[in-house]
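The structure appears right after this line, and notes come after that.
The first chain written gets the first letter, and so on, giving A, B, C and D; residue counts start at 1 in each chain.
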Amino acid sequence: MVRYLVRRGGLLVASLLFASVALFLLLRVLPGDPANALLTVDATPEQIEAARRQVGSDRPLPEQFVTWLGQLVRLDLGRSFVSTLPVGPEITDRLAVTVPLALTAFALAIVIAVPVGYLCARWSRTWYGATISALSQLGIAVPVFWVGMLLVFVFALRLRVFPSGGFPRAGWADPGAALTALTLPVLTVALVMSASLIRYVRSATLDVLHSDYLRTARALGASSAEAMWRHGLRNAAGPVVSILGIELATTFLGTVVVESVFALPGLGSMLVKGIMQHDYPVIQGVLFVSTVTVLVIGFLADLAQRLLDPRLRRASSGRSR
Amino acid sequence: MNLLTVDMLTISGTDGRALVSELSFALSPGERLGLIGESGSGKSLTALAVLGLLPAGLRASGSIRLQPAGGEPTEVVGAADRTLRRLRGRVATVVFQEPLTALDPLMRIGNQVGWAIRRTRGLRGSALRDAVLSALAEVGLDDRIARAYPHEVSGGQRQRAAIAAAVACRPALLIADEPTTALDVTVQADVLALLDRLVADRGMALLFISHDLAVVARVAERVLVLAQGVAVESGTVTEVVTAPDHPVTRALLSSARQLDAALDGRQP
Amino acid sequence: MRKILTAAVTVALGLSLAACGADDTPSAAAGADATIGVGSLYEPQNLDNTGGGGQGVTEALNGNVYEGLFRLTDDGKTENLLATDYTVSGDGLTYTFKLRTGVTFHSGKALTAADAKYSLEKVIAPDSKSARKSSFGPVSGITAPDDSTLVVTLKTRSISFVYNLSYVWIVNSQNQSPTTTADGTGPYRFTEWKRGSTLSLARFDGYWGTRASNKEVVFHYFTDASALNNALLTNQIDIITSQQSPDALSQFTGNPEYKVNDGASTTKLLLAFNDRVAPFDNVKVRKAVYSAVDRKKLLESIWGTYGKLIGSMVPPKDPWFEDLAETNPYDVELAKRLLTEAGHGNGFSFTLDTPNYDPHPTVATFLKSELAKVGITVNINVITADEWYTKVFQKRDFTATLQEHVNDRDVVWYGNPDFYWGYRNPQVTQWVTQAEQATTADEQTSLLKQVNRQIAEDAASVWLYLYPQIVVASADLSGYPVNGLNSQFYVYGITKQEG
Amino acid sequence: MTRRRRSLVAGAVLVGLLGAVALLSLLWTPFAVSDTSGGRLAPPGGAHLLGTDRLGRDLATQLMVGARIALLTGLGAVAIGGTLGLAAGLAAGFAQRWLDDGIAATLDVVIAFPTLLLAMLVVAARGASLGSAVLALGLAMSAVVARLTRILVKRVLALDFVTAARTSGTSWPRVVAEHVLPNVWPTLVVNLALQFGLAVLAEASLSYLGLGPPPPNQSWGRMLQEAQSTVLTAPAGLVAPGLALVVLVVGANLVADGLREVADPLAGRAS
């Protein structure tokens, strides 16, 4: 097991370093200049040069790379070119929105998808089983932002039950307001995510229901519920956990659109603004944090799968993903 | 009194086509019956029907009555799962063909045997542990196997474990659905001998399902030949072997004879 | 079985985690200790208006946290603020300002002439990115003879020098990080800025002047106009500084809970030609394009009944405004005649560099169908705001572009031949220089009127329309500025009635 | 048999319908695309079946033209993603230990990187255009396709008859052509059909954020964004483009489901 952890950890760091370097070069190649964000319609050439000096985009590329790498090694994400605020603290502020949003939506999606997916499999022969499956088919085809807009239209504008967007100034110091602010966004993400999860849970459950070992258990006197509970669940969990890993990873930064619909100060919108303004430290900071998170999530999902399935434990080296 | 009475059993699929039609036979306690036929003749379905484990979409009609010694007869066809649950394991159980998939890949073998015993004989704690170890010992498996996972042991050992679990429930009727077909020839003989001994020691009735007459001949006294879900011939092993009158039986016999001649040169 | 299904569905819809608080208005308190929620699309880049803070920092801090020697009132007059009095030498080259006494910064440090000197130097420093830096060109020397006197000497007369000083924030000379912190003398202290979300100001009790009429002001920033409007509709904010989404107005007009104010704006939408490059180096071609576009229909299709048509760069609020909307009238026949006279009888095609944010893409689509009527084909090239600066503003690598110009008194840029639109008219350049060195305001006004008329005659650019300045506020709010000159937004006068 | 056919046919009908609408829009539309003669935000009914947008343009016309962008982006992205993905997947499949791990790690990083943000980087680089959107979505898809291909290739290479072919000296290209591709191809096609739907949704999100193909291209995503500000007065503008998107994507997914059962009947579930 330890050998596996070391190899997997090494791979993690390698791909992280690779991503950072690729990112640095890619951003420098993009036309446009971070200094532009500081200029107004009537800046003089001298002011343009001053802006480039402030931002440091006037210095040669290798020099910029060395300073940047130095900062990265010291885990100092540097300062935003535009706001001159340090990037690190702003990311933590933004995480206080994105992480609860992603995790709560993820949990709600599981709470919806597991029972519904299971029932959908159990009643796959009946009409209501088929309707659930058709609904989930619709669910994965719906654009997230459209769901968001519809929810805002109904619950915020018409019924005035929830705010239409924004995040309370006090943040989580005022949990009631924060939760209310996140309700519709969480619901938006969760509904769409549960649609695709339902299909995975359903197919995993069907595999288990048609399995021989379940029939053996029933032949040895177990009720279908007990057989499912004792044997079925763990076997179905394996494939579902791997999907959950991927789904959570993409949700992390994937909520960009939802953040735009609900005007939430999350990590996604910070990155969008960073890209628009060529604010390299912000872009690199956000992508550094999100890549780490995503790779860690993938690592944990992998680990969970190994714990669940002894067959994976033995062949720890050459296992082909 | 018959332990198992099957009367005019018909099993039809979703499209109404009969997979087994009007099958009747009976089995008294301790008696052994061989059910043979080509694949697709409905023999496995009959076995599943006896325990009410037909896959979704298939419907059984006619009557199957199970009557354990000194117990009330129970009509299996149309019975609620709750009532059938009390029969499975205690009164009758099944050993399936494919040992690799028949066992839960994520649970240690000892636990799987344990849950069967705990459910049917209500043992707990150290008594349960001892029962598991003795059940495994009976089929020639040591306690290392108890801690192992199915993928960590051989096909033969897996089938022995499955038999141990079934027998440990002390059923009156053991149904064996081609238990040795998936094993290689050398292991096949040992498992058959093991089955023979266990059924004899416990005086269990045996319903042995196979497509191989030679194998059936080794463990059963009477034989019922099925073709396309219809019983075409029945009788003692010797009657059927010496004077087969239905073409299907003759075909089964000739293929079995070549195998036997090749194996040990015994008189066909 | 049916029971389980309905149970499962209710679980899915039961918003277990939602604490459905009623829509809690952000500031239950009213009157003097109310908190005012201000919604805006213009988040500052940083807090230093000489360090590229952008339009947003002027809106949030100008007059609220920072004050100048003089203040530009909401209807465009310059009045004394931190300067109590000033004298100008005979030749108009030396200004002596008397500073108000007893004024302290939020940090407690007393205001001295040294701070004023430092603040003015900061604006004209080499690395200053202040939009007003160029208008202080004539300044030659700044001295602070004593704590309450500031003397500034000029190389040449500059009649709008005092007006320009209303933009210079008097900052605490000891504040080392002006981009991330703010220490001014205004009625509010800067308390907190959560980037991408809110910027908060709290009433400064040690203020030298009249106290602010509310306890706290929070600027809520949005990137999407509909999200901004939804926030007002659901009472998360009390007022929107400038309404950018014209179609959302219908949700507020005629709704007693809200008041829509149509103030005077200085933001012009320009189809700016590159006057150096054919075919737009030819006056007739420019005038043809001007007359080929039905500007009235464009304005109505975007802003409905709001906004104004203008014929030149000067907005109504500038002293030298004249209504020149009809100098280049909408007349397709005239446009065709001009085109044939200019030798482009069978039309031509050109590329229009269009910023990708509202309203430019929609305007570009409209211009394309309008100019097609006179045989001119428009290729729309959508670019990001950032690309606009590099490609159009700095490299001047464009034929024509769309852009909005926010500031007032920016007609003077037509006097600078190498400005991005490259309008070269020595007569106009001379008038602009003379106007700045005029001895009296009237002289300045008459000179700049001539400039305004000339650039309209030459159709230096196509001034499509003047944006409306629409402030939408909830009905129980009063005392807020409606004109928002040069994106200023004084909040100290805002009061919120009970209920 | 019939159930498998049903989802394939239903999907093909939906996608075909929208394809026909897109093609028809090249020849005829109820109003000219840039005709702003209609009243602003007119409700559905009368001359304008679905009403008009804020510029007075006929919503039905915009919807038809929008179908072109949706289909073009989807197909273009699938073309780029498919070819690139297949090539990378094959390379990874055949590659040796460390190269294989290297490619796998890179693919993980690219997949961990949400499509939308990859698209933003491409748009920031090349400017917003249909080409940028298709290129970006194609690149993102190629990583997913490559990872799937790699797993499939490894599985096929492990099959006995393929090892036999390799050891008996058949050349690599023949092994790929005769053994690998026929086995990899069916599952790949199913995945590409799914990716088509995801690409259409991603393009809509890009346009919603203002990064998609700019005017005069008309995209459903941008129609939704424009309709958002007038939702109270003209809700139709919000409903129509959304439904069009759902119909196209559901169609693509149904085709994928149908193909999956046709291509791999064993995997077919009694569902």
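The working rule: contacts are C-beta pairs under 8 Å (C-beta built on N, C-alpha and C of every residue); 3 or more make two chains touch, one makes a residue touch a chain.
Quantities reported herein were computed from a predicted structural model and do not represent experimental measurements.
Shared contact partners of subunit A and subunit C comprise D. A centroid comparison over C-alpha atoms places B as the chain most distant from subunit C.
Two chain pairs, C-D and A-B, are compared here, and A-B has more C-beta pairs in contact (counted per touch definition above). Taking each chain's centre as the mean of its C-alpha atoms, subunit C lies 42 Å from subunit D. If each chain is reduced to the centroid of its CA atoms, subunit B and subunit C end up 88 Å from each other.
Look at where the CA atoms of subunit A average out and do the same for subunit B: the two points lie 51 Å apart.
Along subunit B, residues 56-57 each make contact with two or more other chains. In subunit C, the positions touching at least two other chains are 224, 384, 387. Looking at subunit D, one finds that residues 124, 228, 231-232, 270 touch two or more other chains. Annotation, chain-chain contacts: A-B, A-C, A-D, C-D (touch as defined at the top).
Of all residues in subunit A, only 125, 211-213, 215-224, 230-231, 234-235, 308-311, 314 touch subunit B in the complex they form.
Considering their complex, residues 224-226, 229, 245-248, 250-251, 301, 304, 354, 356-357, 361-362, 364-366, 368-369, 380, 382-384, 387 of subunit C touch subunit D.
Per the touch definition, subunit A reaches subunit C in the complex via residues 31-33, 36-48, 50-51, 53-54, 82-85, 90, 93-94, 104, 108, 111-112, 115-116, 119, 123, 128, 152, 156-157, 160-167, 169, 171, 175-177, 179-180, 183, 186-187, 194, 260-263, 265, 269-270, 272-273, 276-278.
Residue ranges of subunit C in contact with subunit A, taken from their complex: 1, 4-5, 8, 11-12, 15-21, 23-24, 44-46, 51-52, 54-55, 126-129, 131, 133-134, 177, 179-180, 192, 194-198, 200, 218, 220, 222-224, 227-228, 230-231, 233-234, 236, 384-387, 389-390, 393-394, 403, 405-407, 410, 413, 419.
Those residues of subunit A that touch subunit D in the shared complex are 11, 14-16, 18-19, 26-27, 29-32, 124-125, 133, 137-138, 140-146, 149-150, 153, 157, 202-203, 206, 210, 246, 249-250, 253-254, 256-257, 260, 268, 271-272, 275-276, 278, 287, 290-291, 294-295, 298, 320-321.
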